[in-house]
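Heads up, there are several structures right after this.
Two complexes, one shared chain (subunit A), two partners (subunit B, subunit C).
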Partner chain A sequence: MSNDNQPELVTVYVDDREVQVPPGTNMIEAAAKIGVEVPHYCYHPKLSVVGNCRMCMVEMGMPEKDRATGQPVLDDEGNQKIMWMPKPAIACATKAMPGIRIKTDSELTRSCQEGVMEFLLVNHPLDCPICDQAGECRLQEFATDYGRGYSRFVEEKNVKPKRTVLGPRVMLDDERCILCSRCIRFCQEVADDDVLGFVDRGSYTTLTCYPGKQLENNYSLNTVDICPVGALTSMDFRFRMRAWFLKETHSICTESSVGANTVVGSREGTIYRITPRRNDQVNDTWMADSGRERYKQVEAKNRLLHPRVDGAETADPEAAVAAASRLLQGGKGIAFVGSGRCSVEEQYLFRKLADQVGAKSRALVSRVSEGDGLLISADRNPNVRGALVTGLIDELPGRELSALATGIDSGELDTVVVYNEDLTAAGMTAEQLDKITVIYLGTHANPTSDRSQVALPTLTVFEKNGSFINQQYRLQKFFQAVPGPAGAPGDLRTLAGLLAGNGLQGHPGIDDVWEEMSEAIPAFSGLRFMKIPSGGLPLEVPSRLRDLPYAEGKTLHYEPAGGEPAAV
Partner chain B sequence: MAAKERRIILKNIDRPGYGNDIDSYLEHGGYEMLKRALQRKPEELRDEVKASGVRGRGGAGFPAGMKWSFLDFKSGKPIYLVCNADESEPGTFKDRQIIHKDPHQLIEGMLISAYAITAKLAFIYIRGEFPEGAGILERAIEEARGANFLGANILGSDFSCEIYVHRGAGAYICGEETGLIESIEGKRPYPRIKPPYFPAALGLYMCPTIVNNVETLCNVKHIVEMGGEAYAKIGRPGNTGTRIWCVSGHVRKPGYYEFEGGALTLGELIYDVCGGLHPDRKLKAVIPGGSSMKILRADERFRGKDREGNEYDLGLEDLVLDFDGIALSGSLSGSGGIMVMDDSTDMVEALANVSSFYAHESCGQCTPCREGSLWLKKILERMARGQARLEDVDLLKSVADQIPGRTICAFGEATAWPVQSYVSKFRDEFIAKAEQQAAGRTGGNGRSAEQVRLV
Partner chain C sequence: MALVIQRKPLSWLEKTYLPQILGGLKITLKHLFAPKVTLQYPEERPVIPENYRGVPTLVKDPNGREKCVSCQLCEFVCPPKAIRIWPGEIPENTETSHVEKAPDDFEIDMLRCIYCGLCQEVCPEEAIFLQDTFSVTGYTRDEFKFRKEKLYELGGTLPDRHYKWDKKKEAARRGNAH
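The block that comes next holds the complex of A and B.
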């Protein structure tokens, strides 16, 4: 056989095209490897295989072997004879074996696909005009690709429950459900919250929640994502925007140091939803419900929309930056408090500014809580490791900013620059803040910004480009989905302004920051922002950083350090 | 005159004075074969069953010895034996007789089989509609335990085995062996996909499992008694042993009859054994193996070549009664439920009845069966109600053609085969009905829609 040289791969054939895959790969994945889509509903790469939708049926053949000798049987021209099975096989449960073949477009395959499509549609309400799934509905898509285009069904359709509230975030329309059981398997296998199931029988089978229970776990909206039809809809998103109008922007979830990869859906400057983006090294195809709500911070009531100097709003950001620069120049003991929610680029410039003005201390606000073992880690800051790599901090942040408090109380510190954090929530008192000059950079107003002499508005993760380093020391980038408030010029520009105000020109954009960082930081050697792959880039960092006692416990695709270095 | 019944399994059943208690059973040599089996090695017993050639009596007719040989003995996991007593196929009522009237025969057959496949735990999955049978089995198990035929160290040997009765909740699909396994596990009886979940390797609780029909397991006792080779001499090659035929429908003496494989023809069974049809009726059709099997038309000819290459040209009444004999007709002997229909039968209504059953019983797991079965039912009920359209005849066939071979389990065939066969073999009747209804828009057979009652 041809695969003798590569024992780790087997050769299979999809429509007579050779594909090399690891043995045991299912034929949907094998076909996908050469860009051939085998239509399917119930199969999901991250869930168990049940084979119930029958949409992936294909004609399947095996190389014929002589039963007695085991030798390959050849045809007249000396080619391997293929024994084509009279019955179709489901590609999802057909494992790659040497020489196995499938036909994804043969007469038998197409007849199976047409049959299944017709069956799926006979009791479907066909309410696409009012269905949220329209535009991203597998039923719609495959009906177009594989359906017969007209209905032969003249009977009455089944009637099932509509608008069933499954939980605080998920709504169910049973008439649209094609009973693929993806959501049930997700709850059992991923969320470990087995609350969904089928009741009744045959075509009257109905998806429902167990009596007395709700689909309310923090991963419930993943069922909406994986629902191939419009049966499960997000109560936050339904009826708000047509899927095809959404601009999709790659982003990173800021819920925790997991750094789930996401897609932000926006239209005309408004974000409508956040959905997970597949990354098999980080979050598979999932994300937490809480992370999906994060877009609401963009239009939150306490958003800082304009710079403030001495409590008064100003329309001139540059004047505000100049005012802040003057305060920095007048400061005798300056402390910098950075944020684990800031991007790598911002942390780098912030540190640089601290060095430039001769800051006496640099700190980071810790945000440690309990992890859920899945996609929310114990460290709720998405980018503590960025602060370590950029040198903004040298050790893990403590629970409280006690050194800062001591410095203020002793009079050693008279100025503090706070980046998007609330010091009163980090152990400082309002009286302590009143004793000093506070320069605040941040997205939202808080007790600290209220007490600041200068407050400079910054942008949320959805309004700028940047990168985070997650718990695996994976550098991941996010992009601007929507424009920021008119009064906020952008974090990097604000920081560059402060640097310039203190005698250091340069850094107008993210590429310039990266050019400098790739020189200054060994882990970023040779890197540019645009060079970071969409799936992220595992960084090589010194063991001094790797071996720190991080807060994270085990999560999906992450084993905490301790014996083993943090997995990449 | 037809061959005489040869009662092996039914030997004591209906014998005057024979009860279903252990005393009756012991009086008639009960549990002697268990004693004898325990003296032998399990693999010897498996060889006997293989040599006997006994085929599964549940419906598919798969050789039981070969099924046993697929067992994964090396997995290190426990091996389970499951008796399929979910006799649910309409027209089949043989296992019920054994359970009700000779339960110890089944228990002895199971214990011998469990010993042969080294199972320490066995289940009897009995359909929910057999509450009396479940009670009888429970009592029989207690009796057997009292006599140390069951439990720890059976009859002083190293072999220990427990049998549990598990009652179904009223679903036909629980008779499908992997659905049955799921049901024992406490889940919805959704049949499993094969591959990878072949019970002999990944069965009950993902352990190697053998699921056999009641009649099959009873046969094991007699195979041990006679020896596999002697058993193989009963009946015809490939159709060894006896079979119990359940005859129902338009015959004068419906009932269960046990014959050696190939001992008589279908015609002899109907006319000689079952007393023929009612006066002034003509044979119209026969379903040879339970309602899911393809129907046979009384006047059709079955032509082709058999396995030996001999040409044959047979009428319905010439079909030899066993697995291979019935198979020559293109249908199957299935679970042995022979349903006879005379010329008073309206084929549209008969099919509506059958399809209604399969639509009701489709588990709903996989698409073609779930949606196809109900669609077929809806069309047929509409036709029976008097709303038939001419195009429905081809539509029925076309919808049914999209089901078999494309589902997780054989239920797809069960729901499609009746429709395919009725419609193609009685096409003229379906068309006539549609035309008649279109002309008058009255109900079937000239009755009004309200008069056509569907079961």
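The block that comes next holds the complex of A and C.
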């Protein structure tokens, strides 16, 4: 936290421990700062405070002041006298004031927590064995931590709708809902799609969707994440795997140049879900629904699992790399088409290979379309900035690969190396591709790989380590969650093999690449892969890149430097 | 320091070996007339005590409902990781659709199982029990991987004390009083 524009900190006391927080911080956050948990349901750091669950009640006191003089009142021993309030207060709606004190573990606090827990559980179904939230459920956790441990409720529990489909991706179980209204506030305040609300009263209050509407915006699954219980569940993840089996790997969403921070949940080499990871500078605690489906590409039918040479699969990646190297050596005019979906490391090695074989043209496939102003930017390539910083390209990719097309038509280019892109989708015709030699590196088969002389399988973002540079020039890293297909040795190794085949020995490890990059690229000087913080690292923008006409408009935590770009 | 045990020389009677032979014959004769203890296994089977921990099995309730809801707690708790569950959803508009979840498939590797009984202990639905099957044989490793069907066959039906899901269905049928 920088102190330049930060106002004075105030001192508050949590369980007699001193905490310094900015004024306006609520007491849940103040306590969290020293690792004390105030249990809460309705409060969410990125939503407005409503104070309706009452779980966060604590005993609270203020330093006593003389009414007439405003002087602090001292007790017999000369210490500040504290006025403890006779009734508990909710910590989420209590702002830090100088000298304010809370007790999170006093008898009064404990009895409040126990009472609230008891009320919350009165109508709660015994659903944990079939509830997807089990294992990461705040109700389960707080019931064990703060509940009384047994039920005194002998009456019949309420019956509410179950298995309600709220939208294409979200299912609701009303019996489990504890009416915290987080999901409602999310739809109002973040997604700007006000479709959820409560109907009926008292213990019959029921969460429902506005008649005739659906919870179908592209951020709907965030309600599942923030629902503290298992009331809202993801239809994709529902009943597929228990949360406690999932290995969590930090990753970056490749939906667009926003680079939302994510957690990939996998078990034994299979990915089950992608959830957002909090980063207050990038995506807060949200991510788009579309990004969560990306794991499906890992096991897609058209996945390239083995290298192909002249259309025939081979089991030997080395031989395929050697074949590609021979083609590169025989090429008279070679063009390189890189991808904004590749990591910084791959783009760097790709550029190095292009330099090494004397490529006549280097290009990147543009993926500009409309942004949604929230967490999907106009540039759907996650890493165009990486290609700029590593020098793979010098200016933003054009809408079409016109230089490449002209080069092929004039016969000047006879070989093209394509990295994870489909040239036909980027505007080239099949005839143009048939005229040249194509070397394809990529994760999936496509019309370009079908026309290639050598196709080398590469890994998806879930199967390797690497980094992206997002629209804010923030360098963010992702880690391998699952192993890649046996026939794909890894992008960096394949590229190092191609470099070696063209007379440039090197080491394929990511640390070796960073060691090299930190010397070759000023923006990375002194950096290593391991040194990139988990929340990302804002880079110094090289001056040559400062005034490029970037495609992105305003999104969460991003303002385009030169105002809104022209519409696409 | 070496310890030297002095052997007592045998007495005259002991040297004849007769007392030992007669003692042995007495035992033999006693068992000749005592009731038989040998069990003609496998035709005869031992009585298995109530709390015996045999092969883990899946059970149904007296209404024939499969009790396991594939919560995967047993899979989690099993120390040698013998259990593997493929969770599934019960389709709507069936007799038990209110239970929502049931295993698509269930596998226990009996070569891995150590008969610890933790799965029975942890099961929130009282669906898995170590019962009286103690002898598992087979020629290949795969034969020891008991799938759902086999586990239900071994488990059979056990009495239910709660009928939790039936009560739940009944409550839903009555609906709220308001």
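Observations on the model:
The rule is short, and it goes like this: the second predicted complex is superposed on the first by the 555 of 568 C-alpha atoms of A that agree within 3 Å, B and C clash if a C-alpha of one lies under 4 Å from a C-alpha of the other, contacts with A are read in each partner's own complex, and residues count from 1 in each chain.
One rule holds for everything that comes next: a residue touches a chain if its C-beta (ideal position, glycine included) is under 8 Å from a C-beta of that chain, and two chains touch if they have at least 3 such contacts.
If you're wondering where the values come from, they're calculated on a predicted model, not measured in any experiment.
Three-chain overlay on subunit A, with subunit B and subunit C fitting side by side and no clash. In the superposition on chain A, A:240 makes contact with subunit C only, while subunit B stays out of contact range. Contacts of A:128 after superposition on the shared chain: subunit C is touched, whereas subunit B is not. In the superposition on chain A, A:198 contacts subunit B only, with no contact to subunit C.
Once the two complexes are overlaid on the shared chain, A:116 sits against subunit B while remaining clear of subunit C. Of the two partner chains placed around the shared chain by superposition, subunit B and subunit C are both touched by A:156.
Taking subunit A as the reference chain, the count of touched residues is higher for B when subunit B and subunit C are set side by side. In the superposed model, A:208 lies in contact with neither subunit B nor subunit C.
Once the two structures are overlaid on chain A, subunit A sits at the apex of an angle of 90° toward subunit B and subunit C, using CA centres and rounding to a multiple of 10.
For the pair subunit B and subunit C, the minimum alpha-carbon spacing after aligning on chain A is 9 Å. In the superposition on chain A, subunit A positions 156, 158, 204 are in contact with subunit B in one complex as well as with subunit C in the other.
Note for the complex: subunit A touches subunit B at residues 49-55, 57, 86-88, 90, 93, 95, 111-112, 115-116, 118-120, 122-123, 152-153, 155-156, 158, 178-179, 197-198, 200-205.
Subunit C meets subunit A in the complex at residues 69-73, 75-76, 87-89, 92, 98-101, 124-125, 164, 168, 171-172, 174-176, 178. Across the complex, subunit A meets subunit C through its residues 125-126, 128-130, 134, 156-160, 162-163, 204, 238-242, 244-245.
Subunit B meets subunit A in the complex at residues 171, 188, 190, 193, 195-196, 359-368, 370-375, 378-379, 382, 395, 398-399, 402-403, 405-408.
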